[in-house]
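Each of the next two complexes has chain A plus one more chain, namely chain B in the first and chain C in the second.
And now, the complex of A and B:
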């Protein structure tokens, strides 16, 4: 099946001013690859502040002016050029953003859902989409500040589902929700996928991602280090030592911390960014490491678990 | 020897609203790790703010070792660590200065928290949430502090940082025989950490 979205070797960097007028190039995403098929939920899991939200903005073509993007993005088999991104965003590609701050604070929910249209069919459609997410008709008459956290999240999903998107990009959907509300919200994304759309879920929460995702891409210090089936986690079929460390750090799996911290943008050399914390790190890990297929998944490691030596 | 909340009632002043906390009792002994459970909006953070003295209850009292909290002078023996560390530090101050807000830092604490010396010269926007949270913990761990209130302190952190920070906090709690109040929506985490649970209905 042809993937809805395919991202190959994406990099995003920012030009910033250092001391005085000297410009510094800050690479935030260095090498990110993934694919989303129809009906599939693909999660990108990485720690907060690691720059994974930029992936969403890069696909939509809404990065700020001081950024540079390189690599290939194709949508439905065609390259996603800036012009094409502008044409499909909000229609075929929709974003469910992180928080209520993405809603217009001065506009009631109803008109925001209808995007300015006032005809009867738009009204019927907005009513229907609110109902689908368990929101009453009175929600249309509310301003964003009158919504609770969970309601706001559902309104954001409703704005996305009001169109018939092919690709839904979801950015950190669960912070601030309790476990039951979070599961319900994630269930809505699974429904969108079951309807045939591709869902790209960007999150820091591995555990919640595993509850709905089919595939999981693990993002570390600007790179995707592993892509695996969600089932590989519980089965212990993990490839990259970082993924293993993440899994072992779950409270129910041993709660084992490894030492050190993730390097920030600009602090990474040419080699594997995890090498300094890796139990299997060797001198040759400081050289280039290719992203390659292994056992039904992808891994960027010279000495992956369960893999023969290269 | 305990942290006691007696019949705490508190409401944010809005017309016709029920109080957030209605006659809540809570007791915490040193060395205990009490988990606070309850869905969003039930007043878990509000209760922490009352226990640490950031808000005053409409009625009821908070006692630390038998003495009302408001009679303590100097550094409060009950310290709170917040969910969003970026809102708990001064954005215009270098983190080294932020640390000194609480007085001199004990030796070995920065190393144990994996705080790199270079971070002391940085501003909050130049560090990640997990790095900032380490500073907030170092700042709260003063010799006179007896109770720590941990309000979703690891919710925004990646799993490895979460495990690092909790391993450190549990170790310190044992060494200093601190009492901990722990708020989290993550039930496996709560089961791992807490010696006792209390639900806010």
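And now, the complex of A and C:
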């Protein structure tokens, strides 16, 4: 099946002013590739603050003006140019943002859902979509500060479901929710995928991602280092040492913490960014490392688990 | 509702205390003034030709020999009873002088207030929404230029250009010279108030535009604007639907806070245009040691500024749903 979204070698960097008037180019995403098929939930998992959200903004074409994006993004088989992104965002590609701060604090929920439309059909539609997520008609009359955390999240999902999206990009859907509410919210995304949309779930929480994702792309220091089937995790078919470390750090798998810290943007040299923390690192890892297929997944490692030396 | 009444009550009590403090400071400053009321008002030469008796009478009139504490308490006692005393310079009840002057000044200030508010808000929103672009640069340039220009200097320039060179507007005063009060038309008043009001507006606009721009630029960086963009809203729709709505609250504060600046500006501007407003009377009262008038003006203007701020606070409660609904529920 043709993928809904395909991202190849995406890089996003920011121009910043260093000392004096010297401009510094800060690469936050350096090499990110992934694909989302219809009906599929693909999770991008990486630690908090690693710049994953920029992927969402890059796809939607709403990066700040001091940023540069390179690489290829195609949507429904066609290149996603800035102009095309402007035409489809909010309609065919929708974003479900992190929390209530993404709602206008001084506008009631109803008008925000309707994006300024006042006609009867818009009203009926907004009512219906709120109902779909278990929110009563009174929700429309509420201001964002009158919503609980779980309600706010469902309102945000409703903004996405109010359209007929082909691709739903979800940015950190669960922080601040208890486990039950989080599972429920994730269930809603699975429903959207079951309806035929592609769902790109950006999160730091591997465990929750695995409860609904079909595929998982692991993001480390600006790069995707592995793409695997969700089933590979439970089966122990992991490829990259960082993925292994993430998996082992989960409570049920021994809670083994990873030592060291992720290199920040601009601190990464040419070689493997994980080298400083990798138990299997060798001198060759300081050279270029390609993203290659392995065993039904993708990996960016010279000495992956279950793979022979190249 | 009860909450709001309590809030207003507290504010009013605070205002009373503030006015007391302000009047006391004004009084102390006046007492410490090195100007001798007799010399400034009667004149050195005239004093020399007067008898001791006459001088004593004058000293009595200007209150030179009364102990300061007694003078202040006397004034305060009358004031609380609603009597603001009699102006020594104008020989009219202070309330009457202030009433007249305030009427003249109100024209000026109301005009400047509305113009600087509307224009300042518009320019500020445009600049903030187009941060870094040409419109922003032009508007900011204007603001910087004007804020670094003293108001009285701007007043002089306008006066020279429009009144002296072009002869379009009168050189001064609030009504035609020698006209009967009954004959003065609204057009006359507007015509005379135009240049001073323009000066006040030009400086006021810069101030409000500058602050509004900051707020607007801040709003454009907010999550909800990013999300609106992600949902396909155009910049125009974002500015009109989300920008204006969210800039309204800080704009209210700015607008009412600007009352005090316009008040301050009017003192200088009225002086340049010899416009008989409250500001000019304040200068006269200060230089002429007219204690009752000065105290009266100080208290009245402080009260106006304070009431402006109170109004802003109350409006906040009406406009901001977080306060309106939050208060309604408790």
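The criterion applied here is as follows: the second predicted complex is superposed on the first by the 310 of 310 C-alpha atoms of A that agree within 3 Å, B and C clash if a C-alpha of one lies under 4 Å from a C-alpha of the other, contacts with A are read in each partner's own complex, and residues count from 1 in each chain.
In the analysis below, contacts are C-beta pairs under 8 Å (C-beta built on N, C-alpha and C of every residue); 3 or more make two chains touch, one makes a residue touch a chain.
All of these numbers come straight from a predicted model, not from anything done at the bench.
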First, second, both or neither for A:97, with chain B first and chain C second: second
Which superposed partner A:179 touches (first chain B, second chain C, both, neither): first
Chain B versus chain C as contact partner of A:148, first or second or both or neither: first
Contact breadth on chain A, by residue count: chain C or chain B: B
Touched partner set for A:256, first chain B, second chain C, both or neither: first
First, second, both or neither for A:267, with chain B first and chain C second: neither
Which superposed partner A:131 touches (first chain B, second chain C, both, neither): neither
First (chain B), second (chain C), both or neither touched by A:89: second
Those residues of chain A which chain B touches in one complex and chain C touches in the other: none
Chain A to chain C touching residues, read off their complex: 57, 60, 62, 65, 86, 89-91, 94-95, 97, 101-107, 115-116, 143, 145-146, 159
Of chain A, residues touching chain B in the complex: 46-50, 148-150, 175-182, 204, 206-207, 245-246, 249-252, 255-262, 264
Residue ranges of chain B in contact with chain A within the complex: 39-41, 114, 116, 128-131, 155-164, 166-167, 185-189, 191-193
Chain C to chain A touching residues, read off their complex: 132, 222-224, 226-233, 237, 241-242, 245-246, 248-249, 320-322, 325-326
